[in-house]
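Take a look at the structures listed below.
Note that chain A is present in both complexes that follow, paired respectively with chain B and with chain C.
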Partner chain A sequence: MYEKGWKKHLQSPYLFIAPYALLFVLIIATPVLVAMVLSFTSFNTIETPVFIGLKNYVDIFTGDTVFLQHAVSNTILFSVIVGPIGYMMAFFLAWMLAQVPHRARTIYAVIIYSPSITGAIMMANVWRIIFSGDEAGYINYILINWFGADSPVQFLQDADYLFPIMIIVSLWGSMGLGFLAMLAGILNIDRSLYEAAAIDGMKNRWQEIFYITIPSIKPQMLFSAVMSIIGTFNAAGLAQALAGGGVPPQYAGWLIVDHANDFGFTRFEMGYASAVTVILLIIVLLFNKIAYRLFGERG
Partner chain B sequence: MKRINWNNAVAMIILFTLVLFIGIATSSKVMASSTPYYTYTTDNEDGGVKTSDAYTPGEQILEAGGESFKTLEYVYVDHEDYIYITDSGRAKVFIFDKDLNFIDVIEYNGSVSGADDGFYAVNSIYVTEEKIYIPDSFRNSVFVFDREAILNRDQQYFLWMEDIDDSDSLSTGDVFYLNEEIDGVSTPIGEPVFVVEVTGQNADNRDIVLFKDYETGEELFTKVDKAEMIGKILNWVTYDYDGTDVLKFNIYAAKNEPIQVITTPTAPVFQEGYLFAPKKVVVDTRGNLYIVGAQSNNGLIMLNAEGEFLTFFGGNPLRTPFIDQIRSFILTDIQKEKLRNENLISIDYVSSVAIDEKGFIYTVTSTLENDVIKKYNVSGKNYFSSDALGWVGAVDLWVGDYGNVVVVEEFGWINEYNSNGQLIFTFSVSDAGIDRVGLLSLPKSIAIDSKDRLLVVDQGNKLLQIYEPTAFTNAVHTALQAYQDGDEDLARVNWKSTLEYATIFDLAHIGLGDAYIRQGDYESALVEYKLASYKAGISNTYWQVRQDWMEENLELVFFVVLMLFVGRWIFKILNKKYDYTKGLRNKFKELRTKSRTVDELSYIPEFIKHPLDGYYQIKRKDRVSVKTATIIYGMLAVVFVMYYEVTNIIFLEKTNVNILYELIILGSVLILWVIANYFICLINDGEGSFKNVYVSTAMSFTPLLFVAPVIILLSNVLTYQEAVFYSVPLAFTLIWVSIYFFFMIKEIHNYEVGETVNIIFKSMFTMLIMGIFVFVVYSLNSQIFTVSTEIARELIER
Partner chain C sequence: MANSGITFNPDRFKKDQWKFHAFLITLTLFMGSPLIFVFNHAFKPYSELFAYPPKFFVRRPTLENFLRLATFSRESGIPISRYIFNSVITTGAVVVLTVIIGSLAAYALSKLEFKGKETLNKINVFSLMFVPVAVAIPRFLVLINIGIYNTYWAHIIPLLAMPVGIFLIKQFMDTNVPKELIEAAKIDGAGNWRIYWSIALPLVMPAIVTVSILAFQFSWSNIEGSSMFVDIEALRTLPFYMSTVISQQGNIVVTAGVGAASTLIMIVPNLIIFVFMQNKVMASMATSGIK
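And then the complex of A and B:
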């Protein structure tokens, strides 16, 4: 009896998922929960948090003009441009890479993937020089010497230019995990499917893509979509890095995470920063829901 | 100078006074009701709107002290309302006081007799509290006079002349009497003192006049002509003295002498041949001169008070023709150098300049179409709105007391702007050959006096026309001033009163809105801005109104949203268990089976999810009928109307549209598309029938039916700051629809991708051709009719 009961417990499925569950709770669920709880408090990292109800949220929606006028608009615009375009680019690059021979493919994959890991350093070295606001900047050099512009354009200090540049730079660095997942997915597709389709009257590459490739890698595509949504919404600090520290001119390219960082780690208003991140979480969930609708199994 | 015909001059004065008197007597009633021109203001889309009269024609100045004008150039009003009119034909400046009485004239014949450094072109005049500046482009100089000395020139003595032989000129035998003051009245003294004799003419055909003592006949002195003889004759009055008519001369001893003459600066650029030909000048508080020079490519010439060159200022950028830009890209430096000499780059020379009390320099350029007026600060930054409406030909401008700027244009338009460059009034005083008081043939210069009257010089008719501001204009000015002074109540009252004169007057509504905002009344401001369709204002005030509302109600909103979520969740659970909606669903199912249209309409969501299947169904299974497609077109029309009617005005590009007109345009484009696409595909192995094209086109638009109403409604609670929420979904839906469109053509007609692209271009081209054809037929309507009847008659009669 006793032994059987023990064995029964040992065989319990809960025990099997226990290690994962423990780590998940510790590393992911707890911080999120803590952030949610903190968002209802006023907390300066030193004193004990004081519960203040919805005040943080009310302040965000009524008093925080920077958040409402710049951060939200910028984040959404940034995400809806960089997310889908980066996603499509990732798919087509992965598909094209799948067509080249193995050795070359590996080299190409490393080249394409590398911007997403070397982002910050490369940005300082490459993009800031390209868009530099004096004649030494490549684009200004071309504009002045080839097209006869009278004066260099202050690309990185002008609110009108900074945001598009930020988008270009992000697209350049967006071939990350999602891209690798799709590449792996495409390489995993059974060749015989294509052969069978060819026999059945497949006419061209477009049909291959639409009728075989995409349906076969749907899970990877969903993963990639989620990654790109989270990635774009989590982006931060790009505008500052390009414009050279501090707050970018006229809050151009000021994203929600920048706002949270500003309140959390500059002003140490952790409660308020948590509230901002909770709002971001809700937005991300919303967009993820749309992604599931589009790419999920039901579709 | 020719002899002056005294009697004629006198007669002219009398006539003029008479005309003026009659003019004044009648004008107050007649003119007010029938101004010979219309005044316009701008609405929110920079369109012209007719409004009440802003200025009505008033008095005219036709001559100065008996001397008619010859070539009027410029008018200036100083701080004490003295009016200065320059006349290049007479090389003089005429001075009038504020009641338009002729006071004096500024003349300068040169430093020594016969020297070529006197007035010649007298292009304009500028007057400060101490000095008078008169630029003369022909003499390459700016003459500086002392204002007090000019205005208060001492009257040395009076002389009385009796024109013995009635010759109307100074001729042999004319006698002069001395003057005597009796009880403040001046009369001639009993006996003449001089008698004159014309002894001959000098080389310039001027009379040499010998003055002799009346009694002894002793020769006293000779003089050439009257100017040299008696200095300046200012005015003369006819008196009846012992039965003879005598003329009283007002004699000034001193001639006008400039206190300073600024000539070509010594700076190298001028010594190397840069032309210094001052035409207009303004002077700032430090005494620096900003000079409009003839052919001054670099803009205004800025000199300090001593006449030393400081810098060039406010030049118009060179306009390089597009062809030259391309050339400069291709050609080598040597070729460019060669071209440079032959090139005709058009330079836009500044036409006139003005300065306001804050020191902003205003320029106007007659050859420009855009950026006609510029308002520079010291460092040369332009503060005038680049959107300011302007016309080619603007020659002169004046800055009024309220920051308002008036500009006169050679073809007769007079525009008044507020300090930001928004057009307040515009009216055309061009006479177009009609001779009416208040209409001008060639206006050259404009000024405003302290009573806000406009003074305009008409070179063509050789007169100065005065325009009186109406009560409407006065209210506008008072409101502008009050707002600047921070007196919102006064501004509000005055803007309101302007609305009694002109109901469509966006400027007043905007002004009212601004006044309300200063008082913190955002809701009233929003109402006013909406009346004026002032988008930026609407956006900003709505933001504030919404913020105030949120501050009060946000917790309630949170609560309601939470309740809705919880309610929905509970309902879902309960519905799963008890299935409340079963009845509703069954009803709907029944309806679907009964009515084909309902069934087809409820197919739309499924179609949107699987468009490729959908096109297959339409093509092969006749899934959607023509009737349903027509209903969809109707629904699209409703959405389209909604777009113009319901969308927040700040997101619409055109606000005042004729919806029916737009609908007809859109409808005809769609009809053209369906027909063109069908026929093009018919001859290009397309499989789709006409019905297929009609139906699938309708179905391709269906995503709009779902998205557009939502964002149209949503737009009403958005401001420019949240424009993303409006523009992004809209852009996405349009892209979405275009993708469906593409696949529609591909699937319906069974094309490859390349073929599809090809077909789209061909269809568009066909649409264009058909459109042009319809247009031509429409315009030739009557001719075609006549031609066909002619042909018919020919056929019948032969």
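And then the complex of A and C:
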């Protein structure tokens, strides 16, 4: 308490924060700023960026048909389906798991959680053999021999199937941290709340869910919502990986992130790619705003 | 006591649970089957990979697929051991540094008083929603400009800023490290470092374990570093090596066999760690809520 000079400085809270703050600025804040600045330029990574005002944005919204017709709608459709469905699945699984004994629960939880470790892209080679378009594909084999289908379906080369498969594969791997948070949250709810409610005449399980369970784990619900939003944006490259590389047929499953990476790393139009990135970050922000509206304490 | 109609964390199996078990068993079979398939497929010999009708389970397990992965000779002539070495080194560094940097910051944000603390906490909760893949391009430009392009650091540094890591440790510290304990230590003359090391850190081990597991997961399967931030073959990591071997097989059936083997190498360490540590992870997740 009576330190002087350098000894006092050694105890400074800022020293504890400094390493992380430095990394945060370097790896998170600066890239976001760089993206914002570059989005107003034309930059091919070799010559100095040239300021071109809003031209990139104007081009994106007026002339980029792939972006407008595929990337935006796919991204929104994908996140609106995978986000909420995965989220509700996580909640109901957590709710059910909380009501079985410890040992069984652990086994179930490990199995449900483990797909989220595999990583969607890593599993793509395995999905490609399961959904393979010839008769030796596992799903096709089952359809033909068990259900009497006439001919094999080109699951991964047909735009109508590729996108739904991408959604199923993503849902399969979406029971991650958010799911564990909800499970832990439900297990820690004060049991006397339920007993009190039962004395007050609450019998219906739906009532219990909406009046006790959900309000009690609201903070975990919010954490989980944020995690599931992030998760849906991590599906970059999944459609290409499933289709076997290159641009997927009819841009099925082509997301905004894919579009940005295509312009950035294939065509080296960094300014344009940055503008796409900025739009993506704004969309992520909007989704999170909605989650905070729904589950945040301060509305 | 009135029956609430719901029993959380029951001690034993009761008849009224059968519906849950029926549903959960069906679901876990469904969700687990792709993983069981990977386990089987990875050990299938050629004849079974090409077999028609396709077989789900392996009959005569072999290590052919793993050998194919290991002995695939590439133009660069770099042996697989080099990639494994790179992966182990960088993953080790990511785990250790993430935990040190994250717990130091979490301690300050949870227990120390300083100007700007509220703002920093808000920024960290806000950055939970940050999506790293979105800024791959500007990151690439930043890494080139600070001179770590084509070094081991290119694998390590991008993974170190992990908002969810700090968040989990800080939340756990808020609930599990009592103020009185810290006050008492201060009276005994302990400084911030001393309190951090001997009081706060031992009490937040579940959160530390959880963050280590996450850091391990992110780093062990990270391909971005090798594909974007490094172009010297000898500095690339195992997942990248395996993905190039897979992409050069040229036959979808052989690809799937080798692919299953590499998927297995990527997920088995994660699975084992999680199975043994899941109690700690659950304890940590209990304090994960955003208020």
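What we mean here is this: the second predicted complex is superposed on the first by the 263 of 299 C-alpha atoms of A that agree within 3 Å, B and C clash if a C-alpha of one lies under 4 Å from a C-alpha of the other, contacts with A are read in each partner's own complex, and residues count from 1 in each chain.
We take it that a residue touches a chain if its C-beta (ideal position, glycine included) is under 8 Å from a C-beta of that chain, and two chains touch if they have at least 3 such contacts.
Treat the numbers as computed from the prediction; the structure is a model and nothing was measured.
Contacts of A:S228 after superposition: neither chain B nor chain C is touched.
In the superposed pair of complexes, A:K218 makes contact with chain C only, with no contact to chain B.
Once the two complexes are laid over each other on the shared chain, residue contacts for A:A197 go to chain C alone; chain B is not touched. Contacts of A:T62 after superposition on the shared chain: chain B is touched, whereas chain C is not. In the superposition on chain A, A:S174 makes contact with neither chain B nor chain C.
When the two complexes are superposed, the chain touching more residues of chain A, out of chain B and chain C, is C.
Of the two partner chains, chain C is the only one touched by A:T277; chain B is not. Legend: residue contacts after superposition of the two complexes on their common chain; A:T30 is shown touching chain C, with no touch to chain B.
When both complexes are overlaid on chain A, the residue A:Y108 reaches chain C alone and has no touch with chain B. Shared interface residues of chain A (contacting chain B in one complex, chain C in the other): 203.
For chain A in complex with chain B, the residues that touch the partner chain are 54, 57-58, 61-62, 68-70, 72-73, 76-77, 80, 146-148, 203-204, 206, 299. Those residues of chain A lying in contact with chain C across their complex are 1, 3, 10-14, 16-17, 19-21, 23-24, 26-28, 30-32, 34-35, 38, 45, 93, 96-102, 104, 106-115, 117-119, 121-123, 125-130, 132, 135-138, 141, 145, 172, 175, 177, 180-181, 183-189, 191, 194-195, 197-199, 202-203, 205, 208, 217-223, 226-227, 229-230, 233-234, 236, 244-245, 257, 260-261, 264-265, 270, 273-274, 277, 280-281, 284-285, 288, 296-297. The part of chain C that touches chain A in the complex is made up of residues 1-13, 17, 20-21, 23-24, 27-28, 31-32, 34-35, 37-38, 41, 52-54, 56, 100-102, 104-105, 107-109, 112-114, 117, 120, 127-131, 133-142, 146, 157-158, 160-161, 163-164, 166, 186, 191-193, 196, 214, 217, 221, 223, 228, 239, 246-247, 252-253, 255-256, 258-260, 262-263, 266-267, 270-271, 274-275, 278, 281-283, 285-286, 288-291. Across the complex, chain B meets chain A through its residues 325, 328-329, 547, 550-551, 554-555, 558, 609, 721-725, 728, 732, 752-753.
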